[in-house]
Amino acid sequence: MSSVRTPDPNPGWLDEDDLREARRRLPMVYVQAVPVQLDPLGCVTDVGLLLQPNETGELERSLVSGRVLYRETIRAALLRHLEKDLGPLAMPQLPASTVPFSVTEYFPHPSETGYTDDRQHAVALNYVVAVRGECSPRADALQLSWLTPEEVLGADVQAEFTGGRGRLVEQALAHVGWGR
Amino acid sequence: MSSVRTPDPNPGWLDEDDLREARRRLPMVYVQAVPVQLDPLGCVTDVGLLLQPNETGELERSLVSGRVLYRETIRAALLRHLEKDLGPLAMPQLPASTVPFSVTEYFPHPSETGYTDDRQHAVALNYVVAVRGECSPRADALQLSWLTPEEVLGADVQAEFTGGRGRLVEQALAHVGWGR
Amino acid sequence: MSSVRTPDPNPGWLDEDDLREARRRLPMVYVQAVPVQLDPLGCVTDVGLLLQPNETGELERSLVSGRVLYRETIRAALLRHLEKDLGPLAMPQLPASTVPFSVTEYFPHPSETGYTDDRQHAVALNYVVAVRGECSPRADALQLSWLTPEEVLGADVQAEFTGGRGRLVEQALAHVGWGR
Amino acid sequence: MSSVRTPDPNPGWLDEDDLREARRRLPMVYVQAVPVQLDPLGCVTDVGLLLQPNETGELERSLVSGRVLYRETIRAALLRHLEKDLGPLAMPQLPASTVPFSVTEYFPHPSETGYTDDRQHAVALNYVVAVRGECSPRADALQLSWLTPEEVLGADVQAEFTGGRGRLVEQALAHVGWGR
């Protein structure tokens, strides 16, 4: 009897098992975005942080972040992850250049870069993305908070990041002129 | 009899004579913008070029460009010149960072940088600025044309720039991923 | 009977077959370097281009380029490929920042980015790297030529690049202030 | 009786009085450098900070910093100030690109940017510059200290900066991948 499965629409992509295996063998390409709101002069007034449960159920601050798929451009991956995390009406303004403000290298712990990801070696290209619309975070993100740069750089909020991601937001804010 | 002149609202600024003199003694700070239109993925679809008469009445392609005044921020100067050249409804999206894509050094001719400005030594910080509104160029710019990146990089349009400004637009397009 | 094979020193890495397979399923992380010589003021005087036979034996201009391995940092990959292509005495001066001057996305032909690589989808981080020592290209690169920026931008040399790599060198030169 | 004064070798430059006056009327162009030592992979191992007496005789941490003169290129100004502050044998490796890692706008106090300079409005282009030789700070800098990035980011050292310069070094370190 022949198979009645729907043909895989993207035969080039990996199933979950193969992907788990590949993550132990190859660096993965990621994009990460720090969503911001800008005033008319382009100054950052607010930074959007997600609050998500991690694998052990604890709440953690996180950024928009996700994998670049086979044959997907960086821009398309960035837009896909922004829409997934901030909702379809967020109106993210993708940057004109794909040059990131920083590149983060996540390694399985312990890491020589200070950035860790237990699952994999990931090379992430990081962007500051202005958002002009209404954000409605998806179901599995408990909350999207807009904080001022001062709040984000404060010790309280910095303590809610893991894997070095607090430092990443610091770099993003340094890039746009902020510092402690 | 005492003077009845309105007091100078900005006593720190220079009058025309002093400014002409200062231009022969000090480098001037400039901002320049390459206005672009972006598709939803952030790719440049169109580049805005001004067509202006130069001092001898000849028409020349030019960019949004102007001086940073005493006590004016780079962002305020950029917005002021964009609104002056593109009109009040252009809705320019100022970049989150003031790091320019390139720095141009104009010297009185002959110049070791290849960029010339007969009037002065100017250090210009250059930005690519996305424009989302309706542009209505001011009176003394005869025309604002939106050209595709391919058209801008073509030999015909490049020949209509002077002072090295064609190379500047090339750099802007290289920065956003374009090239010949 | 127990196996007498030497244990795989890098069990996380892929063998040739698995790598070929992964290249059809996942974007690969690459680093690319444009080797340059600088004068004391930091101006590019010469650009190093490799001349290599491609798969059909034809000679092609190429850049220093190679894959980032599992658990290898970008900096380590960059140094490894520079030493492999330019020899052990090249003394490349790795940049203080890992922010690339551009990111190139190679796709199997035909490509929406204009950059093609028949074997794979690769995301390449590109750097300009100053070289201060003596270069001795490895056996399978027939030649390393140091050309002036003007020569590199000339139509003759540009015609010897494939896969969009001529545009990449153009972007590198635009980044350091050169243009046609 | 005719003057026997040596003719001014640079008639375009300003004398002290005129310069003081200009500083109250026009933004000045500055370059600033954060001197660093790099390991073979390009990672910053040490940051060079100057310790100088300020106008009231108090000691302050400072960076290599100085004005761009009329008809002087950014690169020439950068090299001149590096040699003046670090000595003739410092062997600074000027960057291939003049794109700064950040632009700092100093205003007379109080300042909307957070960076202050009582004397003037200055627009400073900031660079991280690798130094490979022997540094011997000039007479009026009491000391050049090489500190680790961790030391520089510590509260003790940060307290020894004024005018916002501590934040500038933080931005420089964020640019090369460091953070608190």
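Order of writing sets the labels: A, B, C and D. Residues in every chain begin at 1.
In this text, a residue touches a chain if its C-beta (ideal position, glycine included) is under 8 Å from a C-beta of that chain, and two chains touch if they have at least 3 such contacts.
These figures come from a predicted structure and were not determined experimentally.
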| item | value |
| --- | --- |
| Pair with more cross-chain C-beta pairs in contact, given A-B and A-C | A-C |
| Matching chain pair for B-D (criterion: over half of the contact pairs shared, by residue number), options C-D, A-C or B-C | A-C |
| Chain A and chain B, separation of their C-alpha mean positions in angstrom | 35 |
| Mean-CA-position distance for chain C and chain A (Å) | 28 |
| Multi-partner residues of chain C (at least 2 other chains) | 73, 98-99, 101-102, 113, 175, 177 |
| Complex interface listing, chain B residues touching chain D | 12-14, 18, 22, 24-29, 68-74, 98-103, 105, 107-108, 112-113, 121, 123, 125 |
| Residues of chain B defined as touching chain A within the complex | 36, 38, 40-44, 73, 75-76, 79, 93-99, 101, 128, 130, 175-177 |
| In the complex, chain B residues that touch chain C | 102, 113, 166-168, 170-171, 174-175, 177, 179-180 |
